[in-house]
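Both of the next two complexes hold chain A, though its partner changes from chain B to chain C.
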Partner chain A sequence: MILEFLLVPLIAVFIAPFFRPKAATGISAAAFLVPFVLTVYGLAANRVFEEPLIDIVKPVGTFYLLGDQISFAFGFAICIVSAMVALYSLPYMVHRFEEMSYDIEHEYRRFIFLFNLYATSMLWLVFSGNFILLYIFLEISLLSSFLLIYMYGYGNRRWVATLYFVWTHIAGMLALIGFLITGFDNGSLAFNGIAKIGFAAWLLIFLGMVIKLPGLGPHIWLPWAHAEAPTPVSALLSPLTVGLGAYVILRVYQIDPWFIKEYMVPIFVYGVISSAYAGFAVLKQNDYKRLLAYSTVSQMGYCLIAICLGSYGAMAVVIQYISHAFGKSILFMTAGGIIAVYHGLRDITKMGGMHEQVPTISNAALIGFMNLGGVLTVGMFGEFFILKGVVDTFGFNIPAILSVVFVFILSGFYGFYTLKRIYYGTPKDYKKARVPRLLDTPLYIIGVISILFILPPLAPLLLNAIKLGIGGVIP
Partner chain B sequence: MEAVVASILLLTVAAAVSLKSERGAIWLSVAALALLLVVPRIELLMYSMLIVAIALINTASLTVKRNQITGVDYSLVALIAVATMYIAYTNNPAFILAAFVLASVPTYILVMVGDRANVNVAIKYITFMVLATVLFLIGAFLLFYTEYYPSEILYTLGFVMLILGLGMEVGCAPMHEWVPDVFTAADPLPVSVIASITKIVPFVAAYKILILTSSPLTAHLTLFVAFIAVVSMFTGNIGALTARETSRILAYSTVANMGYIMTTLVVLSSQNYLYLAFAGALLQLIVNAVGKASFFTSIKVDGTSTPLMYLIAMSFIGLPPFMGFYSKLFILMSLVGAGFVWLAFLLIVNSAISIPYYVRIARSLARPTIPGRATAIAFVASIIMLITVIPPNWFVDVATYLIGGV
Partner chain C sequence: MMEYEIPLLFIAPVICSLPIAFAWVRSPGAKWAEKLAYLSVFGLFISLVIALHILFTYQEGRYTIQWLPEYNINFVFIFDYLSKYMGALTGIIAFLIGVYGLEYMKGDYRLGWYWFFFNMFTASMLLVVYSDNLLMLLIGWEGLGLASWGLIGHWFRDDDEISYVGTVGRKVGPLNMFWPPSMGGWRAISTIRTGDMPMFFAVAAIYALTGTLDISQIHWGGLFHMIGYGGTVLLCVLFLMGPFTKSAQLPFSEWLMTAMTGPTTVSALLHSATMVAAGTYVFMRMSWYIQPWNLHSMPGVEVVYIFVLFVGLISALYGASVATGCRERKVLLAASTMSSLGLMFGCAAASYWFGKFAILVAFWYLITHAFAKATLFLVAGHLIHATHDRFSCGDLALAKRMKVAFAATIVATVFLVGIPPFTAYWVKSGMDEVIHHIAHEVGMAPLTLLILTSLLYSAALAKFMSQNFIKGPGYHLHLHGEKLMPLAYATMVSMLVVLLYEILTGTEHVAGHFVEMGYVSSSFIVGLGVTAAYVIGTYKPSISALSKLGTFLSDRMEMPFLNDYIVPGVGWVIAWLVGLGNSAIDWFCHRGIPSAFNRFSRSIRSIQVGYLRVYLKIALGFVMLVIVVSAMGWW
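Then we have the complex of A and B:
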């Protein structure tokens, strides 16, 4: 059943370029809403699907599609964000093509093909039941996003795209060696055929994914890539792609958690430092998109923290992914909205009091930062489960609890501080602009969903499903 | 087997006919290639289809522009293809070496034709090739000799000479001197043959000989192979990064690719994963053959269709689901399986350094799509790169069959 649903966006990848921009956008968005229905059904039904595709030579094992609650939860975020960003990309890319003086209709065909390929590969990735299949989709998503940055990015786009490609390709290849070692140890790389994962393999996979995530240190590629990518691409890169690193670690963790348990304290400390460092770095940025990119590093630190914290932590990883995906996609789209409306305005020092000029974008940004800070949105549960996990794993350990609380407060603080710098305060001298409908409506759809998921009946549905998926204890 | 003999006969006729009519020569060459498809087993059929496809690409690129020996050159390409096919059938040392020579000698003539015919370069190339052939043959003789009169020193000597000869023949560092010179100075069309199909036979021959004469000593000697492979990968990639001309970048990329393939020979020390190693090597050779043929033809016509160039470059980089990914995957699997994780790691580092220059090649050759012969070649090359969208299990069977007979 999953296969049929997943084929819809895959087919859309190849047919959308044959339509005119408006129709192509509609087809793409609709194609992602079809599997969205599947993911919601999957979360509600609490069933696990396994659909074999093909058998491969010995150490690779069977390629099969795995739809369990974790896949559905990740797929849920990917579908809705991709659908909304697809809608949003029509006005934005038209503006960008005008700026680059390209032929709009011709160029949009290329763009929508790569865009759909990129989003679809991520969707297939979370339903892959084999590490090699997963790796293949990881690389397809990398390739398509690389080309998108390379062709339509800002600034020194070719250099930035190559930087992004080299770093994340190394990350993928490190993980690939780890997967291969695992394959030889177990005779299979299918999730259901792996019993144990050795030290070298775990280390390589973990390092690869920390580069991709990214943690502090290997994060240097991220602010460049996410800031210089065209905004619809940033709005997939930052919310969806980097978090897939956490997804891979979570999958490996579910199979054989010993590595994380053994090195729990160093990883926890690294996560806190990484998150706190990036949180402070956010305060220093003067470029709206670069600021959001640093905030991504900070948020992904949460995932590193959460993965150390047992089954509650694992739940928190999933919820953190969803809430970050919602929040960050909204925020990148607000940044893009301002760029599109005010012809490339990104410098925060030139902004101020933007609420007067673009109230719809400003209100959306508020919802976005509420998601990141975990205020009255689905992110709230993420922070709750992280704290619960800290108490469960470390006991009543004051430094651990305080460090986590500090990171949470920092996120909230930089969120509202940025809001104040950009949207409130004394208005600068800009004309009040009319924001195209597609540049703000998709943001509110995501925002409404993020708020609906803290209320019954959707909140218990999501939490119960994830709890079952983790194989965990009490919600 | 009889079909191979028949196609050699056809080629002899083709060479004679070429004096009278080019058209006749090309049809006879194609017929000779078609005869190669008459094979007893499905595995051999897959292999011969790939080889024939590469030979057709090479022949097609020679037809882009007339040269001094138009007509004969098609037969020469077909002859190399026949040798490449022939080596699949045989396990007889004499025939293996015959195929090796047969695949190498036609290039001595090819290097001298074309618009930029350059005797100096040709002499440099031929000198290196003769030296390589002699080293390879003597090495092979010594290895077979130790089968009958065991001697560790002679085995080591033979092994080292064989690897040096192989390295010089295909262009591994530190014997790669001739590659950048020949690839930049000679005409791109004959180079599109020299860089492509001719690389397959030496490696298959080396595999067959080393398996036939395998001895416990191999385990110690693989370090030597690993050394050459690593030097070759780094020389090639760093050279390509710093080179300016597209053809020079491609020359260094060949050096790097030959290094990747050379790594698989270390797996000879543990026979369990040999089939994977050979599958990876052969697939990488095919990727290299198809891609280089298309790139060099594009250089001659000053660029071809943008998407096709990028697709081929992505395949060289090793992105799934292109063929270049599966070749590297097989190589990595065999290396990790045989316990050479450090070598796998170095290979990955190298494949990461190679990204910028492949993108540069694609960019410098990318032009709007105009129907034409070079575009058709690039299109066929792209189709071949894309056949691995369905994971190539069958290729592992092919590779196992090819060396399993030994």
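Then we have the complex of A and C:
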């Protein structure tokens, strides 16, 4: 059943380019809403789906599709965000092609193909039941996003794209070597065929994913890539792609958690430092998209923190991924909205009081930052579980408590500080503009979903499923 | 009935505010859109009716709606003495201020935003009030913070000096001593987030340790026993960070002063009557069920209550002193609000020694204060409208033109400061009695602080009354024939008379006890002192010989330095270091390593230039190497 649903966006990848831009966009968005229904059903279904695809020789093992609650939860975020960003990309990319003086219809075919390929590969990735299959989709997503940055990015886009390619491939290679070692040890790379993961393999996978996530140090690639990518691509890269690093770690952790448990304290400390460091970096940025990119680093630090905190922490990883996906996609789209409406305006020092000109975008940004800060949105549960995990794991350890609390405070701080810088205060002298409907409505759809997730029936749907998904595997 | 009524209590105001919110996005400023404000107020009215229905007909008890049963977390509503009265109070005040706002906010440029957040605030506040579950309480709590931020920064354009706080252009050292609305909003939310997150942790810790979040069901004694002295103190202090920041206790008081950049209706509802009182309310609710008076064998609990007692009373004294120095109408009231909140904390904390009655005294003071202070704010708003000046000004001629406002001010101040035999006198007598009683355990310091606060507080409010209606500076009056505004504050102030009736007749079983305490001679002496302070404040609202001290006080004893200089300063230093670190890593990864590779590659390639002499040199070099190595080997 999963296969059929997942085939829909895959078919759309190849069909959409044959249509005119408007129809192609519609097809893409609809194609992601079909598996969206599946994920909602999967979250409610209370069972695990396994669908074998093909048997391959040792040490690769069976390729199969795995639909458990974790996959459905990640898939849920990927589907809805991809669908909304697909809608959004129509007016945005038209603006971008005009700016680059390309032929719109012709260029949009290329774009929508790569875009759909990129999003679909991420969706397949979270349903892959085999590390090699997972790696293949990881690679497809990297290549397609690389091409998108290379072809339509801003600034020094070829250099940035190469940089992105190199960094993510270092990450990918390390993880691949780790996977292969695991495969040779266990004779299979199917999730259900792996019994244990050795030190070297765990270390390589972990390092690879920390580069991808990214943690402090390797984080330096992210602001370049996310800031210079065309905004619809940023709105997938940042909310969805980097978080898949956390997904892979979580999967490996579910199979054999010893590494994280052994090195819990250093990883926790590293996560806190990454998160706080990037949080402070946010305050200093003057480029809206770069600012958001640093905030991504800070938010991904949450995932590193959470993974150390036992089963509630693991649940928090999933919720954090979802809430960050919602929040950050909204925020990147607000940045893009201002870029599209005001011809490349990204410099925050030239903004101020923008609520006057673009109130709908400003209000969406508020919902976006509420998601990041965990205010009245699904992120609230993420924070709640992380805090509970801190007590479960460290007891009343004052430094651990205060550092986590501090990181959370910092997220709220930079969120509302940025809002004040960009949207409030004395308005600058810009003409009031009409924002195309597709540049703001998708943001609100995501925003409303993120708020509805704190209330029944969505809250119990998600949280019960995650509890089942995590509780079933981790001892 | 219950299953429809309770969700409706929270949903109705929010739903009713959505039409105007959406309409304003489509066509801001349209006449038909402005009319939708009435629908918003109707939403508040529904809440009011339900809250009153709960007050008069519901049995004490709890009501559960499933939320996350798998986690043992549900929407649990509790109906007890505190919540029934507090809910009704919130409903009445929100509705009256809503009515007032119809006139006050007429012609505003951002009505959709205003009504949405105003109504969302009311719903959040009611959620906090009736909540027995801590996570549900936190949802309301965050809603309060968000609504407060939205409404303080309502006039986000910062273009009207009338919405500022402080004297525009004034500087003290490196600091601007004036704050526009966008700054006020930022200061509020940043302070509140600082408190909310530790509180959130405490809630999560309670969940982790006990597996439940229902305040009335947790076995608090067992919990404190389990985590011991250090754990108890840590848990309670982290929890209290939430109430302390929300209720603007020291050192988190600054945001409340600059919260006055919001519309006056907001100051009246959020920043005096309800939201800031939510902090003290939560403390009372927790204490009600923790029953600290039964936990004298737990060492940590006493420390916590002493801590709260002194934070509260010191903040109270600070607030009252600052209020005496203020010239801005609303800031004066804000400082006195902070003072009152401090008294509530102090008195409720005394419950550790005195028992449940101390909480009831604090709660009754909360009610009295809410009605009186909301009235004063509404009058201040009317005055600001009428004189276009946020600094106190006015004389008897003005008082004659605005009779209702003058009368309401006199009643509200006299009833609030504790002049016998009016409402607050009886409640304050209860407070005197409570704090006096605990002198055996904690010494005379609390009582001294309380009496000093009462005197200064009385003088400050007398100053407010006098400077606006009797002896204030000159003014220009522009009355527009307002009807709803006087109606709202006249109704509000009449509630104080209702309370007085309740106390004197003893129809309300708790209030009846206050009368006994009012007849104690020491209470009466304090009452006389308060009266004297009021008379002096009225007669001499400003003393020019003390102008230096007054400036120090109206600069809030230089507390703005904490919010605007010290904390951001530290933040910017770290951010600067982080910026350096980023540049260094960026240079190393994206310039250093590539250029090192470039150089390495160039030096390798430099061998292959095509000249014979180079290859000869290399060959010779190898020959030499072979000779040397073989020579060494042979040797």
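Here is the rule we go by: the second predicted complex is superposed on the first by the 471 of 475 C-alpha atoms of A that agree within 3 Å, B and C clash if a C-alpha of one lies under 4 Å from a C-alpha of the other, contacts with A are read in each partner's own complex, and residues count from 1 in each chain.
One rule holds in what follows: a contact is a pair of C-beta atoms (placed from the backbone, for glycine too) under 8 Å apart; a residue touches a chain by one contact, two chains touch by 3 or more.
Keep in mind the model is a prediction, meaning the values are calculated, not measured.
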Which superposed partner A:T162 touches (first chain B, second chain C, both, neither): first
First (chain B), second (chain C), both or neither touched by A:I170: first
Partner chain in contact with A:K388 - chain B first, chain C second, else both or neither: second
Contacts of A:A45 with chain B and chain C, given as first, second, both or neither: neither
Chain B versus chain C as contact partner of A:Y417, first or second or both or neither: second
Partner, of chain C and chain B, that touches more residues belonging to chain A: C
A:K284 touches, of chain B and chain C: first, second, both or neither? second
Touched partner set for A:L180, first chain B, second chain C, both or neither: first
Chain B versus chain C as contact partner of A:I54, first or second or both or neither: first
Doubly contacted residues of chain A, that is, touched by chain B and again by chain C: none
Parts of chain A lying in touch with chain B, wherever the complex brings them together: 54-57, 59-60, 63, 132, 135-136, 139-140, 142-143, 147, 150, 162, 165-166, 169-170, 173-174, 176-177, 180-181, 183-184, 200
In the complex, chain C residues that touch chain A: 25, 66-71, 135, 138-139, 142-143, 145-146, 149, 153, 156-159, 180, 182-183, 185-186, 189-190, 193-194, 197-198, 200-201, 203-205, 207-209, 227, 230-231, 234-235, 238, 571-572, 574-576, 578-579, 581-582, 585-586, 589-590
Chain A contact footprint on chain B (complex, rising order): 276, 310, 314, 317, 319-321, 325, 329, 332-333, 336-337, 341, 344-345, 348-349, 351-352, 355-356, 359, 390-391, 393, 396
Touching residues on chain A, where the partner in the complex is chain C: 163, 217, 220-221, 224, 277, 280-281, 283-284, 353, 355-356, 359-360, 370, 373, 375-376, 380, 383-385, 387-388, 390-392, 396, 398, 401, 404-405, 408-409, 412-413, 416-417, 420, 423-427, 454-456, 459-460, 463-464, 467
